[in-house]
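What follows is a pair of complexes built around subunit A, which joins subunit B in one and subunit C in the other.
And then the complex of A and B:
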């Protein structure tokens, strides 16, 4: 018993150290300072504070979850130990920063940052601030952990709403529809301060959100009423109609700022749907996907731009040619590359993406592709009397594109071809034995993905009325990959969720841009470790991932225990 | 005979071979035309060769990390390029500090050893953290999962270091004792280049010795053959994998310092392209093979350095040096298609990946 108890404290101690190390990481990477000016609750809590405390909260929660059968006093002890240790580590950093100037190495370790960490309290006394805040956060976690689960999830979601609304204060207020006077009055006078929420407003949001979630969560548990198929169908039609109205009116409801974000998100959704076929359906990891976007965009650029003056087609004449070229590029790359498996394929496609970028940038092809300057003055598409050059008009064009692509992807998924893709993804050898033509199946996946990216490229060119080689980097490929992984590989709604979270949100928060790829990396690793099936998983894929765990893990455990 | 040939050859093969032959012809034509034009002297060719060799040594050292990890875990440690970046990007601050107190050029050898140790230390730490935090749990996950994790880890590390040390390019101070050249006959080799080439070769020999001659090396080879059987033989598989990551990290850290000696500049994105090329080198030499990595790296360095002048210029391509990265990637694609086993390796890409 005593050894067990001491091991618990040892665990708490080491978790405290980990939390402290993560806090240091977050501080020195610069997140705390970058978000230190973003008020969540005006004058009280900034987003930086919250980010700083996330490691403490997370590790306290994991430690508590492991010690479920221990008395409350032990839990209290564990939480305070974790809070104390992580807080002391932060204080040590501050003290170190007073003795040595850390800035030549760690650019973020400025006096402003230290002041922020001590919440404005000057030194000797200020040294106590980080431990106290960390202990407070740990105890708060304990408190949330102890309340019953239904209320707990409601409280957590209520708190999330406060954070989201507080952070996005400016973004909420520029939504067109909220500018109507009574709503704007309520929002500006009661809920929001000049930055972030008013303390009272925060409380209001928290109570309303918590109450709503609690109420709705409770309702679901009641006995399910069995509805007749007719009613179900009618409800579904109503739901779709409401959704359609919302989606169609979005650019005018939200205003120009949001239209831009929506359009970018839309292009990523289109690429995501394409890559989802390649990676999600067929299991071929393509890291050079942006190449096909580039091919689509450049074909349109070359064929229509008056700046280059090579051809003078209209957008609609160039569109089918661009799609054909992208599709052919998919086949030409696919033919040699698809004979290899797995990770080699990933690297080769990455190489291909780089080759395309280098060619586009080179002086050699400058007279055709514009070199480093790219291609300017691409005429916007004209549809009858309407010139599609405003953000709102383009939104509808992109929406139609997404509609077509999503429809094709959805129909393909359960088709004969779609099933072949999934068979190939799960086991190539077995699929081949079942009579699936591997090369043809993979090639179709590859070229369909290329086609969709090409379409996104043409629309992207129309949106910007120019094509820049510097926007065709590896990072875009990764961006698309991350969004389908976050959403759930192979899942079509997952692509939408992923794009909204990963492209839409960073578009809203300008502070976020700087750390966007940091978060992407974190998200990729985190998702793969803890939830490989994604946020909106596809049923089959989920089964596959967990099946693998169940079957393969036991013998391994045997093997390692044999060694010990 | 012809009939059998017709049955085994598919359209894919024909297209692949056609592309291969076209590139081959382009290279030969380009080379002949460059030779005929004769615009470069022998001395220039020798200089290009030396610069190719030094580049190659760096690729080789990074490639060792890819090769060792691939040999054991059958996974591409995509984040290895960040292991390479982390060392020199951290050690630059020590170098600058030593320079500012005047120690750097008074005791250059001690300084060089200190910054190399720091660089290797940081790289080893990052490599071990990667293994512990990200890869260990995924050792038996479906094959795409660790690869995607590695890509994520790579981005995470890049932007972590960017956050730590800033967006700027940091510059290593010069060593006085490495200035100037060293002459054999009529050939002048810059001292830095000589140091890089020799230490690259030495590192390869040391690692080869570790893998082939020590007990741990034997255990590494056993684990690479079959983890479960190795475990039954009393080998601590986890420890061996950690050791392998450490070894890869160390060679990446040393490679980083050599890179810094040549180019002086380090920044958070410096790992990406060399990492990709080092992977190419590892594949070219035969992945999983230490000597192969060195051979592949050196060859790749040479091709990259000589190639643009040798055959691209002959084809009349302006500013051919812009395309030198393209050459490396083209080699990668074609090696993987025509000889996935590389120059010295076993055939892995189809059977085990």
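And then the complex of A and C:
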């Protein structure tokens, strides 16, 4: 018993140390300071505060979850210990900062930051501020932990809504549809302050969100009503119709700022769908995927730009040529490369990506590709009387592109060819022993992927009306790869989710841009630990069950009887 | 009439001669075995037949046509199919999908058909699915078609691997230790199954096997390899009394010790190798 008790405290102690270390990390990389000016609740809580306290909250929560049978007093002790230790660690950092100048090593460790951590209280007394805040956060976590589960999840989601809305105050207010007068009035006078939420607004958001989640969570608990297939089909049609209306009206409902984000996300979705065929379906690790985007974009640029003045094709004339060039590039690169496996393939494709980037940067090809300046004044696509030069118009063009690409990917996934790709992914030798021509099969995956990236490239060129070599860096390839991994390898909806999470969300907050790769790393590690199959994992089609509906006699389950 | 003829096949890995001038004739519609101690070159010989390895010397003919040096996929299309010593299924695909991949040589639809999903493609897919499910039922795997292959029990995985190799409708089936790791009743079932494959589907079978009960029970002709070379060939009863074979398995001197008793020997996998 005593050993058990002492181990509990040991665990609390070590979790406190971990929380403290994570707090230090968050502080020293500059996250707290960077978001210290972003008010969530005006004058009370900043996003920096919340980011600082996330480690404390998370570790308190995990400690409590392991101690489900402990008396409340022990839980109180555990929470306080974790809060105290992490707070003291922060204080130690502040005190150290008074004695030694930490800035040569940690650029962010400035007096402003320390002042922020002490919430403006001068030093002798200010040293107490971090421990107190951390303990408060830990106790709050305990409080939330003790609420019954249905209410607890409602409260957590309510709090999340407060954080999200408070952080995105500016972004919410520029949504076009919310600029209509009565809504705008309510939002500006009651909910939002000049920065973040008003305290009353925060309470309002919290209560409404919590109430809604609680109510909806309660409704689901009723006995499941078995719906007839007709009703299910009708419901699905209604759902798709609603979704279509929302998707189609997005750029005008949300406004230009969001259209830009949507368009960028859209291009990444398109590339993601293409790379998903190469990496997700066929298992060929391609690290130079951006090269095909570049080839598509540059082909359109060269063929249409009036600045370069080589050719004067329209966008629509250049499009098929650009697609053909990208596709051929996929085949030309694929032919020699696809005999390699795994790591070797990755390295060679990486090299190819760099070669393409260096070629378009080079002075040697400057008269054709524009060198470091890139290609400007690419005319926007013209569709009848409509000039597709606004972000909102381009949104629809990109949407159509995504539609085509997603349709092809979806059809191929369940086709004869899709199965061959997956067999190659699973075991190359055995796939070949099944009669699959490896070179041809891989080449089809590689060139289809290249084609999709080429299409994204042409639309990207039309969107920017220019092409820059600096936007064709290795990191774009990695970006696309990461969004596939986060979304779920080989999963088509996963690509959409991954792109929205990794490209769309960071686009909302300009402060995030600087820390984007920090979050990528965090997200990747987190995913590998907790959900390696991705946010929306690949699902295999049920072929036998589907068939069984039509079979009159029930299939004899001799598999179980035959084994053992 | 021989369906497969191997003529002085030699495969070297650097200085090591893994298969040395092996001659083999597999009779049409027969069940034949290759046995030999561990490392005798049995699997390497299989790999030479299926085109996974390209033998340095010798020729291999299937139904009189040379297949030496052809790539694995083309050998499969000619009508040879195989299973593996350590099960190699497509683990993250469903059972039906495994079979459908096995049907590859008979499916014609390409990338365009896959995208458009036109009538021809749909008909082909439906027929292939129907055929796969039939095959699954034949192999006693009906009802588990939508499971991931990795989730099947061991014995069922072995049977799925055979089912997948049957899907390409081979003329010759190479089984690499089909009963490895099975208990006696599973082994018995597998033996029955192998006979059924020959009798009902008319497939010629060549197998590598360590369990002598299986080898002696179903083989019509046995070839013995040791150190890459063929040391004996004959009917099960002849092989059991062959002094060279006993020596290869149990070491020099064993033949004299065992042969006088004229009892059939039953070396198992754990038997000491030469």
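The working rule: the second predicted complex is superposed on the first by the 539 of 564 C-alpha atoms of A that agree within 3 Å, B and C clash if a C-alpha of one lies under 4 Å from a C-alpha of the other, contacts with A are read in each partner's own complex, and residues count from 1 in each chain.
Quick note on the criterion: a residue touches a chain if its C-beta (ideal position, glycine included) is under 8 Å from a C-beta of that chain, and two chains touch if they have at least 3 such contacts.
Source: prediction; values computed, not measured.
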Which of subunit B and subunit C A:107 touches, first, second, both or neither: first
Partner chain(s) touched by A:432 [first = subunit B, second = subunit C, both, neither]: second
Which superposed partner A:508 touches (first subunit B, second subunit C, both, neither): neither
Subunit B versus subunit C as contact partner of A:362, first or second or both or neither: first
First, second, both or neither for A:321, with subunit B first and subunit C second: neither
Broader residue contact with subunit A after superposition on the shared chain, subunit B or subunit C: B
Which of subunit B and subunit C A:423 touches, first, second, both or neither: second
Contact residues common to both interfaces of subunit A (with subunit B and with subunit C): 544-545, 555-556, 559, 562-563
Residues of subunit B touching subunit A in the complex: 10-12, 15-16, 19, 75-76, 93, 96-97, 133-134, 137-149, 151-160, 162-166, 227-228, 231-232, 234-238, 272, 276, 279-280, 283, 317-320, 322-323, 325-326, 329-330, 332-333, 336-337, 340, 349-350, 353
Of all residues in subunit A, those that touch subunit B in their complex: 25, 28-31, 104-108, 279, 283, 285, 287, 332, 335-337, 339-344, 346-348, 350-352, 354-355, 358-359, 361-364, 439, 474, 478, 481-482, 485, 515, 517-518, 520-525, 527-529, 532, 544-545, 548-549, 552-553, 555-556, 559-560, 562-563
Interfacial residue positions of subunit A with respect to subunit C in the complex: 407-408, 411-412, 415-420, 422-423, 426-427, 429-438, 444, 448, 540-545, 547, 555-559, 562-564
Contact footprint of subunit A on subunit C as seen in their complex: 50, 52, 71-73, 76-77, 81-82, 84, 88, 90-97, 100-102, 104-105, 107, 109-111, 113-117, 121, 124-125, 129-130, 133, 136-137, 140-146, 148, 153, 155-156, 159, 164, 168, 183, 186, 189
